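Next come two complexes built around chain A: one with chain B, the other with chain C.
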Partner chain A sequence: MRKPNKIVKIIKLSFTYMFLSIVSFICVFPFYWMLAGGTSTSNEVSSGNISIGSNLVENYRILVEQSDYLRAFGNSAFVAILTTILALFISSLAAYGFEIFKSKRKSKVYGVLLLTMMVPFAALMIPLYKVVIYLELSNKLISVVLPAVATVFLIFFFKQSFIKFPREIIQSARIDGANEFRIFRSIVFPAMKPTYAAAAILTFTASWNNFLWPLITLSSNELQTLPLKISILSSSYTPHYGVILLSIVIATLPSIIVFFSLQKYFVAGLTGAVK
Partner chain B sequence: MKKVITLLFVAVLILTLSACKGKDADFSDGKITIWAWDPNFNISIMNTAKGIYGDDVEIIIVDMAKGDLETKLHASLSTDGDLPDIVLIEDYMAGKYLSSYPGKFADLSDSIDHSKFIPAKVAIGTFDGAQYSVPFDSGVSGMFIRNDLVTDADVAAASIAGVTTFAQFVEAEITWDEFIAVGQAYTARTGDAFMANNFADGGLFRTILNSTQSWYTNADGDFEFNGNPGVEEASRIYKEIYDAEVMFNGTSTEIYKAATDWATWVDPLGNGDVATVTTGVWISGTVKSTTANSGDWTVMKTPRADITGAVNYSNLGGSSWYVLADGDVDESVAFLKAIYEENQDNFYDTILINNGAIGSLISAASSTAYTANDPFFTNTAIWNDFALWSALIPAIDYGFYTYEADEALMNAMPAFLDGTSSLSTFLNEAEVAAKSKVE
Partner chain C sequence: MRNLLQGFKNIIKRILQAIKRRMKKIGIGWAFIIPALFFITLFVIIPIFYSMFLVTQSCRGIVCESNFTGNIDKLMGDVQFRQVFKNTFIFFIVQVPIMLTLALIFAVILNNPKLRFRGVFRTAIFLPAVTSLVAYSVLFKMMLAPEGIMNTAISFIGISPIGWLTDPFWQRVTIIIALLWRWTGYNMIFYLSGLQNIDKEMFEAAEMDGANKRQTFFKITIPQLKPIILFTAVMSTIGTLQLFDEPFNIIRGSGTTASTMTLSQYIYNLSFVYIPNFGYAAVISYVIMIIAALLTIIQFRIMREEK
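Right after this comes the complex of A and B.
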């Protein structure tokens, strides 16, 4: 009786692995194609060649010389890093306030905030641009950063993980004479590192890939971010596919690096930092 | 931990402050800011203009993708946001901008002498009797054909009156039906496609339509597809091409190669998979990029639709410069006038040689660069031909919503091509869809 069971198990397993292999292939193949394309000439890409080519250095030279790509990379890095730091700081403080302090109107305000999540950015874009113009911030990198530093999603995200934070610790710290900011800084923040890591990954990636808002608010070549540069590369009458794909490969790297360096915290952060 | 937090704060503070005192906007006096797209064509051409004009005025050319520029321009025009002094607008979009944002573009009727430019281009930038554009590149069309692939026998098989050889064919003014007949002979002999076409793209459709002296709209500016002779004829020609199959080695073979995007449309031009392409002159750069084909290509006039009023001259694409009323109008007009109207330092010769760009200034066509023979195109003066043809393009009022009409027609087209919709059903459906897009 044992033998047929084993066979059935092996068959089931092989089906599982086969299915998983196919799904993995479907997921990984576009990335591989992008990498292979980045090393190929335009003709090789458009003829459907999927092997690693020998044009990487030439593609990189064209990319850097013709499109001011490194400056755009610097602009994107500046915007994404500053946005991530400010957004984490401001949104987590707001979430702390919403969760820890007692107030009658708190839940109403929070409800209104959550409602704003339903409004698509395209609807907010024009009024937001008017505000930026009024404040004389248009065509400055800070105009890309500021609208992203207080996001309702991040407040919601932090608040959800603060729910589980033991109030006794906060209360005993208060008894010991610590002020609220000290409690936040020395007790809550260290315990919530996984949440911060997860939020950092989400914010950094969103900011790094942001396209529409930088397009509207930035108007000079020197300030363009990477997604804008890639869009320009793709829209020429004679597009150079190898260079375009290489630019996308390079643009993908920082998000991947940020993700893998914070990966061990990421899952813990999503499932709740405090156990 | 305290140190980390302090460091974090200092870092944020420094970054924020440095960002705040960052670069000021580019839009101040003594500078001309220009928005355009395509670094290899428009941007490169404007850089040539900038080099010729000298350093008296600082000219800043901002490079954007075409679609991005349009999004940004709409946002800035509707919010009084950052705007350039000069902007490039595609001809099909000009009517929409001029009608949607009255007063935002400078009236150039008195400052630019529009009689020096080809009439079809001037008509595009004219709104409510005022001229707003400085006409730029022409999208004059032609039929590029491989003289090493198409033979006298292919031409003779098509029974075109007075045309029996390839040499006579390239000089002739043919109809689309004659084009299809030669294509059938060519494909039946070689098994190769005569042309490539993306039937979901309206490029060829617009080329045919423009040559019939009509557009998607009636005199009131409303969409009119059904009963519009130009649209009906262009649809008929699309279907004729789609249905023109011949037998090759016992199998039914189409005379076209189906393209799905730009790359699959352009690639066959280099590798000999197709023998012709009928489109705007701007394709010449792509055709010439395969240097091995030098001497194998010839250019002839665009085939003609078979209805009254149709001509062998047409246009696809092209764009013009517009000056923003809130910008530095005087400086901008002085610059555009010197380069584009007065042809300073033979500007048009330079951009023809460097970029394959045919301008819209009539007098430029008589210069040496235009009249020279091009060895790539069997030593013929194709640039002179294009310049002459561009002056004969029917002047069309493109209205406000070319792309909306285009999309509606191309979405409904497959049912017409495969025979499930009649011509009138197809055009009715497309007309309803187009109207719903703009209401």
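Right after this comes the complex of A and C.
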């Protein structure tokens, strides 16, 4: 075996650190720039200023007074929270039914559901829009909620975790005379809280960030969700850069807070309990 | 009146009893499943079947007529379809391989336990994945504006301003850069979790046998990660075929959109911007579905053959 020269090793290592630092800088800089811009005036942003400005309050005032931003924030919160609660409830129930009460017929139905997961949303949006119009749900916030409350992906996600649930516990509860829904509510649900947390993060952020479907189905100004509002703000003829950047900062904050507060679970969950 | 009410009560009672009897017969398991099945039928299954009818229709607004062969003829001679197909394919063929390669490189570097500040680097590279697609699109649009920070920065090293948002060639580059920024870290996380699951003894054995880093990478790392590479490739393929938010928001209001318009945008325009033709839009939807299925099958084949 050939021993690598120590100096060569150090040079290689410093190249690695330099490379990682540059990549990290590229990834993080836009976040900083958005913060700097959100606190600056339009002129400061377009003149290339990249320090934190002092125009935050004024930007916020313009954003709230001129663009009905808080209503959009409220709409987004309503849609995302309602979707998350309903989706977790309905999809986990179904997953429980498929996994605990297995039968040949149910497996067939589940197989068909898995197949529909292969159909991209872009291929579904037009017929889906027709269905929503037929049900007289179009241009209502509920039209963004309902199609997302039972997703095959979530059922799959929950079913995978119910596989590991010990059947003996359910069996002994049955012997004690508890009915099936009670078993689900007071025994299975509390034990699966981490799974519910992960599913909640996935569902909430997907709903919070959804753009194309609300764009199609919500046409009134007062029903706009945050992504629609930001998109419209950014395409105005006289864009107010500071205000737009502040609107992005506020819309991004919930996801960042969720990510940093749950980062430990998130990374550990994905990487499988790494020391 | 009272009799009527009593009658109603009896009927409801009977219905409830019938449901109860039926439940016992088919099993309580279905009671858990039925709510989800109801919504999925309404919002997925019915639309799928409805789209089979839609493709046979040719519409002008709400007036439709049955004309399937007309739709196919239209598709064959549709110049704009050819253009958006080409655009989508360019995004797919350029962006996906670069992104997955970069993600793999970052993951392998960050998997070295002796490396310091791994957590910091990992978080930094993953951070773009928490932004919403609209938010980061608008952010990039502003950074790459004619008088934006990007053109200011490159002027320092003597490059003249680039029309990131207006020049047909650079528009595509902009979309690809934006996609790389948003999705590389996301894919890296999957590779990192895959690398953690490779048996450490394999690397140790390779080192004992005198394998260099390159050999280890191609002979151990890549084959072991194959299922995850396949998963990310399929996910990115389906994602790229549905690309909408980024080209829509970044290029919006900057003049020509011909070189960045994607299949999804074309469907949207056919349905809501031009004179609505839901029938023909459904035909384009089928094109996306068929390409997605084909590419997925091809990727599965390639992965299997290499084994």
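Rule of thumb we're sticking to: the second predicted complex is superposed on the first by the 228 of 275 C-alpha atoms of A that agree within 3 Å, B and C clash if a C-alpha of one lies under 4 Å from a C-alpha of the other, contacts with A are read in each partner's own complex, and residues count from 1 in each chain.
Note that a residue touches a chain if its C-beta (ideal position, glycine included) is under 8 Å from a C-beta of that chain, and two chains touch if they have at least 3 such contacts.
Just so we're clear, the structure is a prediction, and the values are computed from it rather than from any experiment.
Student: Superpose on chain A as described above, then tell me if chain B and chain C fit or clash.
Tutor: Chain B and chain C clash in the superposed model.
Student: Looking at chain A, does chain B or chain C touch a larger number of its residues?
Tutor: Counting residues of chain A touched by each partner, the higher count goes to C.
Student: Just to be sure I read the superposition right, which of the two partners does A:160 touch: chain B = first, chain C = second, or both, or neither?
Tutor: neither
Student: Just chain B (first), just chain C (second), both, or neither: which does A:235 touch?
Tutor: both
Student: With the two complexes superposed on chain A, say which partner A:172 touches: chain B (first), chain C (second), both, or neither.
Tutor: A:172: touches no partner chain.
Student: Pick one for A:216: touches chain B only (first), chain C only (second), both, or neither.
Tutor: After superposing on A, A:216 lies in contact with both chain B and chain C.
Student: Report for A:66: first if it touches chain B alone, second if chain C alone, otherwise both or neither.
Tutor: So A:66 only meets chain B here.
Student: Would you check which partner chain A:107 touches, where first means chain B only, second means chain C only, and both and neither mean what they say?
Tutor: A:107 sits against neither chain B nor chain C.
Student: Pick one for A:261: touches chain B only (first), chain C only (second), both, or neither.
Tutor: Touch partners of A:261: none, neither chain B nor chain C.
Student: Scan A:139 for contacts with chain B and chain C and give back first, second, both or neither.
Tutor: Only chain B; A:139 stays clear of chain C.
Student: After lining up the shared chain so the two structures overlap, which partner does A:85 touch, if you call chain B first and chain C second: first, second, both or neither?
Tutor: First partner only, chain B.
Student: So which positions on chain A get touched by both chain B and chain C?
Tutor: Correct list for chain A: 46, 125-126, 129-130, 212, 215-216, 231, 234-235, 241.
Student: Under the touch definition given earlier, write down the residues of chain A that touch chain C in their complex.
Tutor: It comes out as residues 1, 16, 19-20, 23-24, 26-28, 30-31, 33-34, 37, 45-46, 48, 50, 90-91, 93-94, 96-98, 100-101, 103, 106, 109, 113, 116, 118-131, 135, 146-147, 149-150, 152, 155, 180, 184, 205, 208-209, 211-212, 215-216, 226-227, 230-231, 233-235, 241, 244-245, 248, 251-252, 255-256, 259, 263, 267, 270-272, 274.
Student: Taking the touch rule as given, give the residues of chain A at its contact with chain B in the complex, in rising order.
Tutor: 43, 46-47, 66-67, 78, 81-82, 85-86, 89, 125-126, 129-130, 133, 138-142, 145, 185-186, 189-190, 212, 215-216, 219-223, 228, 231-232, 234-239, 241
Student: Going by the contact rule at the top, pick out the chain C residues touching chain A in the complex.
Tutor: Listed in rising order, the residues are 27-33, 35-40, 42-48, 50-51, 54, 106, 109-110, 115, 120-125, 127-128, 130-136, 138-143, 145, 147-149, 152, 181, 185, 189-190, 192-193, 196-197, 210, 238, 241-242, 244-245, 248-249, 252-253, 263-264, 267-268, 271-272, 278, 281-282, 285-286, 288-289, 292-293, 296.
Student: Please give the residue numbers of chain B that touch chain A in the complex, ascending.
Tutor: Against chain A, the touching part of chain B is residues 1-2, 5, 8, 11-12, 15-16, 19-20, 22-27, 33, 37-41, 60-68, 71-72, 75-76, 78-82, 84, 262-264, 267, 270, 282, 285-286, 289.
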